[in-house]
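These notes are about the structure you will find just below.
Chain nomenclature is as follows: A, B, C, D, E and F, assigned in order of appearance, with residue numbering initiated at 1 for each chain independently.
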Amino acid sequence: MIVVIGSAEKSHELNNPFTAGERIEMIRQALRAAGVDPLCCVLVPVPDAEAHTAWVSQVVAYTPRFDIVYTNQALTRRLFLEAEYEVREIPLYMRAEYSATEIRRRMLENGDWNSLVPKEVYDFIREIKGDERIRDLAKTDNAEGEQGGRKGRS
Amino acid sequence: MIVVIGSAEKSHELNNPFTAGERIEMIRQALRAAGVDPLCCVLVPVPDAEAHTAWVSQVVAYTPRFDIVYTNQALTRRLFLEAEYEVREIPLYMRAEYSATEIRRRMLENGDWNSLVPKEVYDFIREIKGDERIRDLAKTDNAEGEQGGRKGRS
Amino acid sequence: MIVVIGSAEKSHELNNPFTAGERIEMIRQALRAAGVDPLCCVLVPVPDAEAHTAWVSQVVAYTPRFDIVYTNQALTRRLFLEAEYEVREIPLYMRAEYSATEIRRRMLENGDWNSLVPKEVYDFIREIKGDERIRDLAKTDNAEGEQGGRKGRS
Amino acid sequence: MIVVIGSAEKSHELNNPFTAGERIEMIRQALRAAGVDPLCCVLVPVPDAEAHTAWVSQVVAYTPRFDIVYTNQALTRRLFLEAEYEVREIPLYMRAEYSATEIRRRMLENGDWNSLVPKEVYDFIREIKGDERIRDLAKTDNAEGEQGGRKGRS
Amino acid sequence: MIVVIGSAEKSHELNNPFTAGERIEMIRQALRAAGVDPLCCVLVPVPDAEAHTAWVSQVVAYTPRFDIVYTNQALTRRLFLEAEYEVREIPLYMRAEYSATEIRRRMLENGDWNSLVPKEVYDFIREIKGDERIRDLAKTDNAEGEQGGRKGRS
Amino acid sequence: MIVVIGSAEKSHELNNPFTAGERIEMIRQALRAAGVDPLCCVLVPVPDAEAHTAWVSQVVAYTPRFDIVYTNQALTRRLFLEAEYEVREIPLYMRAEYSATEIRRRMLENGDWNSLVPKEVYDFIREIKGDERIRDLAKTDNAEGEQGGRKGRS
């Protein structure tokens, strides 16, 4: 099984707060916590492509060969379907709670988010001060748009 | 006459669903349907530039020489004016109906859009399943932001 | 003192209407108008980086050596803090009025903006027709999204 | 028939002296000179991709649909073969003489190059001072490497 | 242990013939063939950065945390030293023979290269026709430079 | 007078060993050493453009307004001539000795290079260990090509 870590170049954005390397560490810890054999998975960070039409070939270039694509994202699904891959949905578990959006929301509001992630992941995020980073990213000088940073920010 | 197909690298976005190649095919079919001599036009796909200030020189580099720019886009108009080109408006015909936005809206709602495009273009879009693509792009997993895809997406 | 002119590749956007070169001219005129010795400052335009994580090393690469970072932007502050720089706030003067957002708002509405900038800067903006540019950028053909222009526009 | 004008973003290099737009004008003139119906061809400038693995999908995205690829370039052939396209060679006519390399060599040495191109193309190149441009590009200050210019120059 | 697969976006070049995904598969097979516990390693493809000065922060962003860098490349060593990492050399085994350059040379000349790689890697390369790809990439139409392909090719 | 520091994103290459920021510091020290009023000059780092045809508009966008271009580089001269700027040569002083190439050659061979630069520049380069950097960049593992680093390296 290959786990693609998409938008690998992104981090330090409210919807994408962690670097690819931090996401790799968290996924490895979550798998270990769940008792999954880490041998089962190849984690591959893949940066965004220059164009949506290059996305499929970029994923293919960065990863070992695969036959079936699992995704719940409409765009990813569409692009792989047009490239004639078999695409399947990922069954989600208690979507309303166990979603990155909900977890980030609670971090922002200093709510209880530790019950939503494995203890190992919680410890990791605290160690790298990830929740503090998210709260910092939410603060913006409202009188002015942010300027420094990443190309192509909206 | 040169027809610039802008943002040529873009596709598979709700406001830009078709590839440059698909747009070339549609324009050629629309011209043929309108009985226009296809010799009249040179269609040139031009990707977005790294900076607005490079946009004029990029259009100039990709296209045969020209003297007058026809556009209704405020930014394009401004950039060519500052580069000392003559810029003119394109008279639009029944703008409320014959607009890409209206056509895409009807596709999304499975409304009647075939009356708004030439039959040849309608057949082409159906053949490449373009309306299905647009409906797919409109579906997003609302609990999470889309991640995979094109650099610089907002 | 080094003044970083961020997003140096951007211009001709409502929130970023001026080129890096125009911003250099305005800052030099404002310093001169304030009687500041221009020798005190090195103005350095720095383009946005490909990734937020590359932003700090890009600023370091473009500028003479420095020890302390002054910024009021949450993202810039966060990135430099994580890279172990000392980061300080810039005390702002009458923020509600003397903000770029307020000045641009008045330009758009043909209001009185000349009282908010030094006379030299006012003359410069008029000379390059900067207020006209901002009013032009605000005009968009509402039936259609803008297309030509800069990669990664949202 | 679709004619792809590759490396469309390149120009002003010794091996790639002309812009995509200039190449479009020359090919149109050569076709006209040869009595070929210009309706036969769609000329499509395609910029280089970020990665070789994205090249095929980029060509597909920029062009109308096609089934067979004609090329004499080993890399292009290989990439399309791996993407399962049929690839055929282009029979060349008097290769030693009618080659861009030979023509550029003669331009550099002020030799007789007008016998190697159609009169219309000769006139066009003279009009845009293309031969002078090539001789200029060949001049370099040998004590120093060139610096300004295009990203990724070797 | 983290193994960085550098220049991850490159492939189909004589000195870089394989995609990042193919390189991942080969390294995993070589580790398995050597009886190394695959759990020991995290393989991380990292694309080249926009600037050498961004390379260190890009590696840091793509990978789990690390303390020591092992490399025999002078540039990589220099960049990490300047960023105050500890950098060590990798002891090489029978360098003259077991080098990628020597293996590629033998592939090109249809020589005996299977004795230089583990059987599993040999089988993989034959399965994806990697040796044929390398021989294809070496063929170039000498009268003309290659044009299509990757940005920034020299 | 505006001094453009070209290829501002480059550094850590044998022909381009210093960052833009380091080059700014050196030029300021050389000017001061020569007794030139630093007010005379605006130093502006400008990164390479995506295409040669965008280079002129990029320089214009990054710099205060100017009328005449001084350069000894054939490409820069050509591009500004085609954009209808007046271009002049820079008279060089004792070119054989006072050239960056000669200075770098001596650094590599541990020769006497301090007589070729102002004392302040010599001290700066020693302080940042610039000569050591150049000697490091010259060392390459000859059996293998370098891989990590900057996009578009040849």
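FYI, a contact is a pair of C-beta atoms (placed from the backbone, for glycine too) under 8 Å apart; a residue touches a chain by one contact, two chains touch by 3 or more.
Remember, it's a predicted structure, so these values are computed and weren't measured experimentally.
The minimal number of chain-to-chain contact steps leading from chain D to chain F is 1. Counting steps between touching chains, the shortest path from chain B to chain F takes 1.
By the residue-number overlap criterion, the interface of chain C with chain F counts as same, with over half of its numbers used by both chains. Centre to centre, using the average C-alpha position, chain B and chain E are separated by 41 Å. Remark: chain D and chain E have CA centroids separated by 32 Å (rounded to whole angstrom). Touching two or more other chains at once are residues 9, 11, 19, 46-47, 49-51, 53, 60-61, 151-154 of chain A. In this structure, the chains touch in the following pairs: A-B, A-C, A-D, A-E, B-C, B-D, B-F, C-E, C-F, D-E, D-F, E-F.
On the side of chain C, the complex with chain B involves touching residues 9-13, 19, 133, 136-141, 143-154. Taken in their complex, chain E has these residues touching chain A: 8-9, 11, 19-21, 24-25, 28, 38-39, 42-47, 60-65. In the complex of the two chains, the chain E residues touching chain F come out as 4, 6-7, 9, 15-16, 46-53, 55, 59, 71-79, 82, 95-96, 99-102, 151-154.
Contacts from chain C toward chain E in the complex involve residues 49-51, 53-54, 56-58, 60-61.
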